[in-house]
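Common to both upcoming complexes is chain A, partnered first by chain B, then by chain C.
Moving on to the complex of A and B:
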């Protein structure tokens, strides 16, 4: 099939000129430009900046500016600024240019340049997420290997601290993008019946900003590592080595990337929904993803500010966090957690709503209590802005505020409970078609119960006094971030894999990998709860002999996770290349992304859909609406009519494109 | 829960809760609840024998929270288990028929929200009531013994203003007396954690934070740093000796070096 369904075949000369200078720019020119600009900046700054007496700020200033120059150079080289530059020159893009930018007929090359098609961006995010997980996971294995025996025998404490810091921030970045990146970009616009995102070029920009941040993050390995943990508490981060400069440039770049992506996704969901898709007919995945990225829009600027201040401390001796000249570590801690707590829900919400999309499909039932889902999402998003100081109960900062923050924190359990109600209510009495995507629902509900309950322990101030800074906290948040978040993302990947790659994910290998990882996960973090309760602080290279058994158990669990994840990854890679070909709608789901052919054509729909009811109408009027879903392996073919049985209710009317 | 037509719409005259799936789920729920209740004392056991009323209180709270969350977790898991074993549809194709089209259930929603609100209220009251006496402990009947604690990369040091500014690198405390720690740091943030006594407060450069505790067990305990503070963070620990009042007096009189 061909991907061009939108325009008449272009005249043969058009491709030669379309795109202008963009024809010559791609990731390679980006890297070259980035390296050139970084080198030039390094040379200029290190030969001109003075060395001041009262501190060694020069190295840091040079490092920060060099890394920033890399980011800017890369963006220039990849062509991110060509669009704005052309506007400034008063030369707007032609239709051919737009098509060129969208990667029309460009094959694999379009994944390696500044391509605006949201499906390309989604794929780029997917691969980047997996690379980040691979990197962060490798570091995790090194950490757990060191903890197999007491005495920090595998690596020295300095290396250990760096591993912990880089692991932490890598995983945080990966989990933030793991759902809203790949699926928020690839799936969401199709799901709402749009031809692309609201701002396609900003979409590409958000990805390439992220891409530019990855080498900066990795460069920290060679600049002494991130020795402060991902929370980078000041003033420790003021005095840390130059890995910290890489850290802060990574964060600032990433925060801009999420800001751009957040605005884009929000605008898309608000403005570009298909005709007839009222809010009450909008799939829950859209609500949750928008809530997540909108929450990020509020939260991440805090981190950005905190990091800019840190950069000024390190590069110019500004002293924001230096108590000896009037600064305060509490300022940093507040800014950090103002981001930090909302961020955990930025991570969790898209994963949960993806599963809310999946559950009705595999139980053949409507989503239970749409209202609860909305209330839960809004309640969580709202409250999560007002709980940050539960991370600072023992900081000594404003002890009188402990009570109020405990109240807000514990109130979150009510909207969180609503999310459970929605999933359980949907499972209730449903004939569950037990495929890989829905398995994630079971795993998530198991893990998230434990994660949520242990969160309640921590929200109690006296208990937190014992638990704060211990492995108990580490176990708690892995149960939520990994047990709930990553588990949900794996379900989402299994679910949308056929649409995105055109092939079915190998069910058996995928499921084996998934469950091995789940078992390993529970072993690892149960062991971690135990050593935490027994008094092992987190982030210690050498916990001591007292905790030997618990740590050994955790490490065995970690190796089990690795086995499972590698199997899952193997299933993905195998299926992507050689899996059985997927039909347009292998699950018989109703949302719009399944009503368009696979592979999805350039502008998604030949005719834009009109929505007349929501997408959860399973079992209504005794009909089986999605009857005739072709068996996996039967190609749907281009323009295959959406699966509708003869007796299916008229759920959508298709009208001609404008 | 659901009163919907299902399973061939057999006429079943039993009351809702006695009909499947409710009854079997209730049974699984009861079993799981009992198991979890049996598990409830385990976390406190892992935390070790409490060496102060504070730690005692914490362990009680942990046990209660575990006990109270037992039925909640059991409910979620009971439905999951039942669903896996009884509602599972096997095969490469979706089930031939859709499930019930029911989208909502007012009663369940109401019960759910009220239930979680009551639990939440309980947590709040519990938490706030426990904090209340803690704040008033700031001025107890008996003057607390003062200890100035200083963290620095990567060691702790203590001075006893009441004992002529005697200084030490291991902590000595008399049993049964309230001690107030004034905690600060010379460089970065550390966290002063008396593990078995159940108190923790950050040591911030340029600030002094306070924590009080009354040790009730004679013995040796751990002080560990609980905030990553750089290279040797994991070795930033020392021993806490809780001794009889007489032994404490003797120690306090001894010359500064004699203790280590």
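Moving on to the complex of A and C:
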């Protein structure tokens, strides 16, 4: 592929004003302002709100408003509203302000304030995702420890239920952001040849909204927990303790964050692609990520509404879900699952397409049937909006619609199969350059086959009636969200780690951790399939001695996962601090993110590239060279960094095997 | 990690590129907001259709809000939209933008007063039943819409006053898209709450 150049236009003439309040705002001022506003809100509402005649709505109203005040106060304190306020006042940000916001020359401090550089936001997402996985994983270990032997009473049943609920929502949030957050922000704009996201300040806002939601989520632990499971079915959630207030504020905040990010990533991909990057030349990762975030943009508002209505029920005594005054739990179930099933694909699509991006690189073959991949992504995104009621077969809602929803659910296996076909076709007869990133492809194919096929079983009404609410269902969705989703994210991290950190991931330690986790994963959830088939219900702290062996196996598997994940995490931390320095393109890949230096300059490219060929054109015989790919990154060879500096000749980057 | 070339940060793209980008961004935000609004309308219509335990507007003393008042709220919003459109069609005419957007913002304030007045004077609270809850949620969301629109309108007036639109007025157009959606959302909400009040016949 050949890229040519467009010169960067001259910067606009704008008045330069140094200083301003935004230069004094950071995460600390955010926390201080959040705590102050929350405290003031708590004091005012506690002392002024009346106690209603029935129920305990005052406590819930006070809790909800206090937590909302925390979020708003934090955003004010971190500087999220400086841009809109200055727009309102007509004092637009200057170039100098924009550079300050982008973190120019700010060192490590830029990671702790409202920084607009998409690479900083990507790294912030990466670290936050890992923290969330650590938190959710710890809760999972407590759950498995409790189940290690019947009657263990490691935790009491109420605490157990809360652990399950908080583990669930933590992992759902973490898996939703695990690819589109770090890589959608850091990698995608560079991959399409852009200097930044379309809306850098909204980009930062989406992260800091997420950041503000995390303490709210954790606070649920201290407010009585989330005893309903993460699905928070009404009217149970109407009656739950104040941990549910924290849950709903978390969801609403996260949904706004997701909506803003979805709008931003979609606009970036549609409007900011490099010259010559037609849709047929756009990397598949862009398609999958955009499909995912666009799906989130339409799906999450429904959950948001469900949560606001729950908040009104709890804080004002409204009757959305209370049948005694005309409400209905079915309303909640519909709104929840209208989001809930598309959300599965919001998680899965970016992970799968990340591996589609990886596979051609390590086989040195074109992506097999690019068109099938696009059709698969579009088919999944479209159909996923019409399958929600398969979660409600046994809820008694509209039994006559069971058949149509069974059909749409089974239909979705066809576009999913297309994605399998693309991965298998790309691997087919390839001499694979077996490195850690591509190992994730094999793991995903194994796990997702199991997760997918058990999903087809569960979409059938008779099977679902037998299996609903059992550990079989739990094992199924872990095979999809963790076995496919998290596995894909780990592959993506291994692949883009050199570009993001400037260092190579320690391959041996990373691979050991990865495979130990994979083995542990299969042991855990195969055991869970077994106890589920035998009839063990979900969300039961002490399911009895009949399921003793299966639960013991699952718990051993869970500890194995922990061991593997800690090893993988150790490899990440070690490599980030002291790993070998990575070249600009250590894999010899052809997409644009590898054509810019590492560390990536503030504005990504010295000159904006022009794309003249597709990124998967390794040639029909490219795979013959894959196993012995010429040392990528060597001067003049594949992956060599582009010319740099003001005196560099017009940029012509030869990419990939000749 | 800085580039030696004087390339642009994304916020300072050329106006045409920025306009196209912002247009798509605003449309996508409207799409997200539309799904939010439709979910609220779905809630209203679903609970009405379900009529759980015969509780939809069947309790003693329960009554729907005045449809005439509801459409008056719509009328004022529509008038504000017309005023804004007049301003928008003036291109970069500073005085016209200030006058039109100012009038539009004033009408939004009036509509805010009307909507809050309707909520306060409705004679019920969300605690009284499913209808009352669903109606209050829709009316409350209209208030949120109006507050956001007021922010945008005041900003446009202020920026026009400062001559920010001397060369290009695409900000005015972007806010115009939102204003159009505001009217549409208000009509949808009003249609649902005024045309579908009593329980449908079986």
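By definition in this document, the second predicted complex is superposed on the first by the 599 of 658 C-alpha atoms of A that agree within 3 Å, B and C clash if a C-alpha of one lies under 4 Å from a C-alpha of the other, contacts with A are read in each partner's own complex, and residues count from 1 in each chain.
Operating definition for what follows: a contact is a pair of C-beta atoms (placed from the backbone, for glycine too) under 8 Å apart; a residue touches a chain by one contact, two chains touch by 3 or more.
Please read these numbers as outputs of a predicted model, since none were measured by experiment.
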Quick one: is A:617 in contact with chain B, with chain C, with both, or with neither? Answer first, second, both or neither. first
On the A-aligned overlay, A:89 touches which partner chain: chain B = first, chain C = second, or both, or neither? second
Which partner does A:330 reach: the first (chain B), the second (chain C), both, or neither? both
Would you check which partner chain A:161 touches, where first means chain B only, second means chain C only, and both and neither mean what they say? first
Residues of chain A touched: more by chain B or chain C? B
After superposition on the shared chain, which partner residues are touched by A:461: those of chain B (first), chain C (second), both, or neither? first
Does the superposition put A:152 against chain B (first), chain C (second), both, or neither? first
For A:200 in the superposed arrangement: first (chain B), second (chain C), both or neither? second
With both complexes superposed on chain A, which partner does A:305 reach: first (chain B), second (chain C), both or neither? second
Show me the chain A residues, by the header's touch rule, that chain B contacts in one structure and chain C contacts in the other. 323-324, 328, 330
Residue ranges of chain A touching chain B (in the complex, touch as defined): 152, 157-158, 161, 164, 227-229, 233, 235-236, 239, 323-324, 328-330, 362-372, 394-396, 402-403, 406-407, 410-411, 413-414, 417-418, 420-421, 424-425, 427-434, 442, 445-446, 449-450, 453, 456-457, 459-463, 465-466, 468-470, 529-530, 533-535, 537-544, 587-588, 616-626, 629, 631-632
Partner chain C, residues of chain A touching it in the complex: 8-12, 14, 52, 84, 87-90, 92-93, 95, 98-99, 102, 104-105, 194-202, 259, 262-264, 266-267, 270-272, 297-299, 301-302, 304-306, 308-309, 312-313, 316-320, 323-328, 330-331, 334-335, 338, 599-603, 605-607, 645-646
Residue positions on chain B within touch of chain A in the complex are 1-2, 4, 6, 21, 43, 46-48, 54-55, 57-58, 61-62, 65, 69, 72-73, 76-77, 79-80, 83-84, 87-105, 108-109, 112-113, 116-117, 119-120, 123-124, 126-128, 130-131, 134, 183, 187-189, 191, 193, 195-196, 198-202, 204-207, 209, 222, 224-235
Note which residues of chain C are touching chain A in the complex, please. 1-12, 14, 17, 20-21, 24-25, 28-29, 31-33, 35-36, 39-40, 42-43, 46-47, 50-53, 55-56, 125-134, 136-137, 151, 154-155, 158-159, 161-162, 164
